[in-house]
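Quick one: structure below, then a few questions.
By written order: A, B and C. Residues from 1 in each chain.
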Amino acid sequence: MTQIWHSLTAPWRAIPDRQRQILTWAFLILLFLTFPLVDKVFNWGVVNDVTDVLVLVILALGLNIVVGYAGLLDLGYAAFFAIGAYTTGILTWPPHHLELNFWIVIWAAVIVAAFFGIIIGTPTLRLRGDYLAIVTLAFGEIVPVVIRNLGSVTIGVGSWQLLSDFNLTNGVQGLNPVGRPGLWGFTFSFDPTPWYYLILIIAALVILANVRLQNSRLGRAWMALREDETAADCMGVDPIRTKLLAFAIGASFSGFAGAFYAAKLQAIFPELFKFNLSVMILCMVILGGMGNIKGVVIGGMLLQLFDRVVLTQTTILARSVGEALHISALATIDLSLWRWFFFGLTMVVIMVLRPEGLFPSAVRRAELHAAEEEAPRAAEKG
Amino acid sequence: MTQTELFIQLLINAVTIGSYLALIALGYTMVYGIIELINFAHGDVYMFGFLISLTFLGFLDANTTLGGWQLWVITFGVMFVTMLCTGTMNVLIDRIGYKPLRRAPRLAVLITAVGMSFILENLGMIWKGPSQINYPNIFPAIDILNDVLGMKTAVLFTTKDVFLMGVTVPLMVVLTLFIRSTRMGKAMRATAQDREAAALMGINVEKVIRNTFFIGGALAGAAGMMVGIYLNTGRYLMGFEAGLLAFTSAVLGGIGNIGGAVLGSYVIGFLNAGSDQYLSSEWTRALVFTILILVLVFKPSGLLGERTPERD
Amino acid sequence: MALLEARRIRKQFGGLAALSDLDLNIEKGMIASLIGPNGAGKTTFFNMVSGIYKPTSGQILLEGKEIGGLRPNRVTALGLGRTFQNIRLFSNMTALENVLVGMNCRLKSSWYGALLRTRSVMQEEAKARERAQELLAYVGLGDDKGETFAKNLPYGLQRRLEIARALATHPKLMLLDEPTAGMNPQETVGAMALIKRVRDELDITILLIEHDMKVVMGISDCITVLDYGAKIAEGTPGQVRANPKVIEAYLGKGVAAQIRRTKQKVAAETGSQEDGTI
């Protein structure tokens, strides 16, 4: 299998490394920059969907820092997304009479999200992997409940009241409308193209940030912590600070994503940020390969492609086959109902068969296949 | 209802909730004790207990309240078969998802467990739909206090309550006896203490693990059926919700500790009933999660446990 | 003032007294060894000095500063480096990265500096990499070994990498836990030479746990012997070697008595002035 692939790609690999890299990058950049035009020409109408996918990719990159670099399984990441979105909503919702500028609010969302990252991370500091996961899951569940119930906030003692029936989050109904960005007189509106370019810029910055962090002192500290916390501690890596930074920085990315998403959607409500979303983001990270920027981006996009396109197209195909062959079960099938099945299956299959993900960095592949090689290697050492 | 009556009703609710939670919590705690894994999919096995028993009752055309010998034969017959099915299901989950990862980093197995849970939930949804599912009311609900004892009270204590407690408690007792007295039970306890040493002593660890999953799954399946009989309704997500409650119970009581799982379940049952009654069911969930976080952060060994889920 | 002072250190694990009333002083510039049968409490002591365990009672002072109970990363920042009995490298990071992690507490780069790629961060990174390469070369991992994953290095080189990583923390005192375990005689000699060079050239005090008596006797200035958590002997290699309690601890009372009788017999036959002490 690999041999066939090797011979097919031989001419490509014959080009010197450096030039290959430049060509790949140039191609990708061109692709992404001209996509709305291509979309218009072919009349696909998917710019909005691609924009949403990129939001999810940014979330996946944020989670990648927590799970992939620092090795902390966060099952409640959607909570940070919610916090980013709601910070934006609260600061721009007309009834609050603030209606701040989006470009300021987005940074507020980042800071608030990072702050909550620290709050949620702190209780988990001494916990082992699975318990950390459960606690983050619990927080992930609590946040939407709290948001749902902050439609009427009353803070007071006896007859003195600081806040009385103050509507912070508008409860179940959510916030609508949410403020939109404006740029030199132009206001972002329903046309998906400006949103697309904005998220492209944000995504590029987020990827750049990830790359720089990965190769920094902090990035190495994260990886050492993941490898062996006690040894890292003894080498001068402060586990508390390092873990909290992972949570905070990881959460801050969802601040960007949340702010963007709230503004674009114009309306946000608690039901958007459930456990399912946390798991889907996790699935993107796993499919791509934990700790691997390229993998998470590609894997994340693949998963979304599968979810949004493959499932619906296969349904259409299956239905026509079913109708042709008069198999009613097939003719009425709706594969989009199976999406969580497929996400779950992806997680199980990847973890069991290819834990380093589809596009692994060499590191991860080494680490996760270690257990299998352990036995013969121990015999080698004698 | 008077205050006293409210309180007594609360107690009844607490005990019934605690009872079926305990059956589920036992599965969590036993599996964690043996392989230090939170079987995320365990709650969904409980949900399948509900669905499977529902299906079998459908085969038998049992959709009205039964009486006489029919009631007992069908109820326990279906329960027995359901337990076999869910026990096997749990073993399969381990075989497919967890066994290949016995020596993998813990992160990996936990992710698989989450994946399994989603697979099961989705299958449940496809099978019986996303909305509330009706469960046949096969067990008679005779108001014991008012009709049988002739009292005049608003407190509702029916034969269903008796049935629920009457089945779960013996099951727990049987399990405890099993763990304490039988060879397999001893093997399970040994493996939970030190897997390697147990293996060195000739215990077939994989067999022990398999049995643990089977028993846990069977108990969860029984709980699923009993909730069906008791509440006459269920949903494909009932496993996720009950699972989190049961898991909190197991942690509260001391993970790995069987008595702890039972104790914790009744405490959570009490809190659940109390919160539903005096606050609102919405806050119940948040309350239970807060307890979970507090226990794990401040007293990770729980009320009765010695095993601490801290960093090694 | 001794570089490391342990005063009446006790460590209790439940009912088990792993260490009882241990007093230990390591002077600056020494190569000191801690020896004793298995289970004597040597690694427990190391773990307490480096901060993994908290002493049940007693004090540990590094350069006069109390470090007992401090977190490991604090102790390391104060000047303590260590290696582990079972190698604990960061297996899936390269050798170079392992050493760079060791430098963590000595580097000043902040994460936001790394994000913005400020000049100072870039310069520090470059210097750090240079220094890491130097350290690797110093322990014998020069050439391209830096890019190899730690787990793929042969055993002997892994031990050396651990030393390089510990050196990267810029320690005043280095704790080496069985640095020659699993080595063949040739590797052992190389390791001994390296340890000596570290003390002589880099001015780092060394405390090592060892089972290989050739190593212990060969490079130690001072040896402390533990048995069942208590100190039973201390002194120069010559003194310790002749100490009857040490022989008893290692070989048991029976064998010790045999040795004593044999020596007496030999003394009697050769007419020397041996007084029967071992």
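Going forward, contacts are C-beta pairs under 8 Å (C-beta built on N, C-alpha and C of every residue); 3 or more make two chains touch, one makes a residue touch a chain.
Keep in mind it's a predicted model, so treat the numbers as computed, not measured.
Peer 1: Report the connected components of the chain contact network with chain A omitted.
Peer 2: B | C
Peer 1: As a test of whether you follow the contact definition, which chain pair has the most C-beta contact pairs?
Peer 2: That would be the chain pair A-B.
Peer 1: Would you kindly say which chain has the C-alpha centre located farthest from the C-alpha centre of chain B?
Peer 2: Ranked by distance of C-alpha centres from chain B, the top chain is C.
Peer 1: CA centre of chain B versus CA centre of chain C: separation in Å?
Peer 2: Distance between chain centres: 51 Å.
Peer 1: Let me have the rounded angstrom distance from the C-alpha centre of chain A over to the C-alpha centre of chain C, please.
Peer 2: Measuring from centre to centre gives 45 Å for this pair.
Peer 1: Mind checking the centre-to-centre distance between chain A and chain B? Centres are C-alpha means, answer in whole Å.
Peer 2: 33
Peer 1: Among the residues of chain A, which ones contact at least 2 other chains?
Peer 2: Correct list: 367.
Peer 1: What residues on chain C touch chain A, complex-wise?
Peer 2: Touching chain A: residues 50-52, 71-73, 76-77, 82, 84, 88-93, 97, 100-107, 109, 111, 114-115, 117, 121, 125, 149, 151-152, 155, 165-166, 168-169, 182 of chain C.
Peer 1: For chain A, which residues count as touching chain B in their complex?
Peer 2: Residues of chain A touching chain B: 67, 71, 73, 75, 123-124, 126-131, 133-135, 138-139, 141-142, 145-146, 148-149, 229, 275, 279, 282-283, 286, 337-341, 343-348, 351-352, 355, 367-368, 371, 374.
Peer 1: Please name which positions on chain B make contact with chain A in the complex.
Peer 2: Contacts found on chain B: 36-38, 96-97, 100-101, 103-112, 114-123, 125-126, 240, 244, 247, 251, 282-283, 285-286, 289-290, 292-293, 296-297, 300, 309-312.
Peer 1: For chain A, which residues count as touching chain C in their complex?
Peer 2: Those residues of chain A that touch chain C are 209, 212-213, 215-221, 223-224, 227-228, 230-239, 245, 249, 363-364, 366-367, 370, 381.
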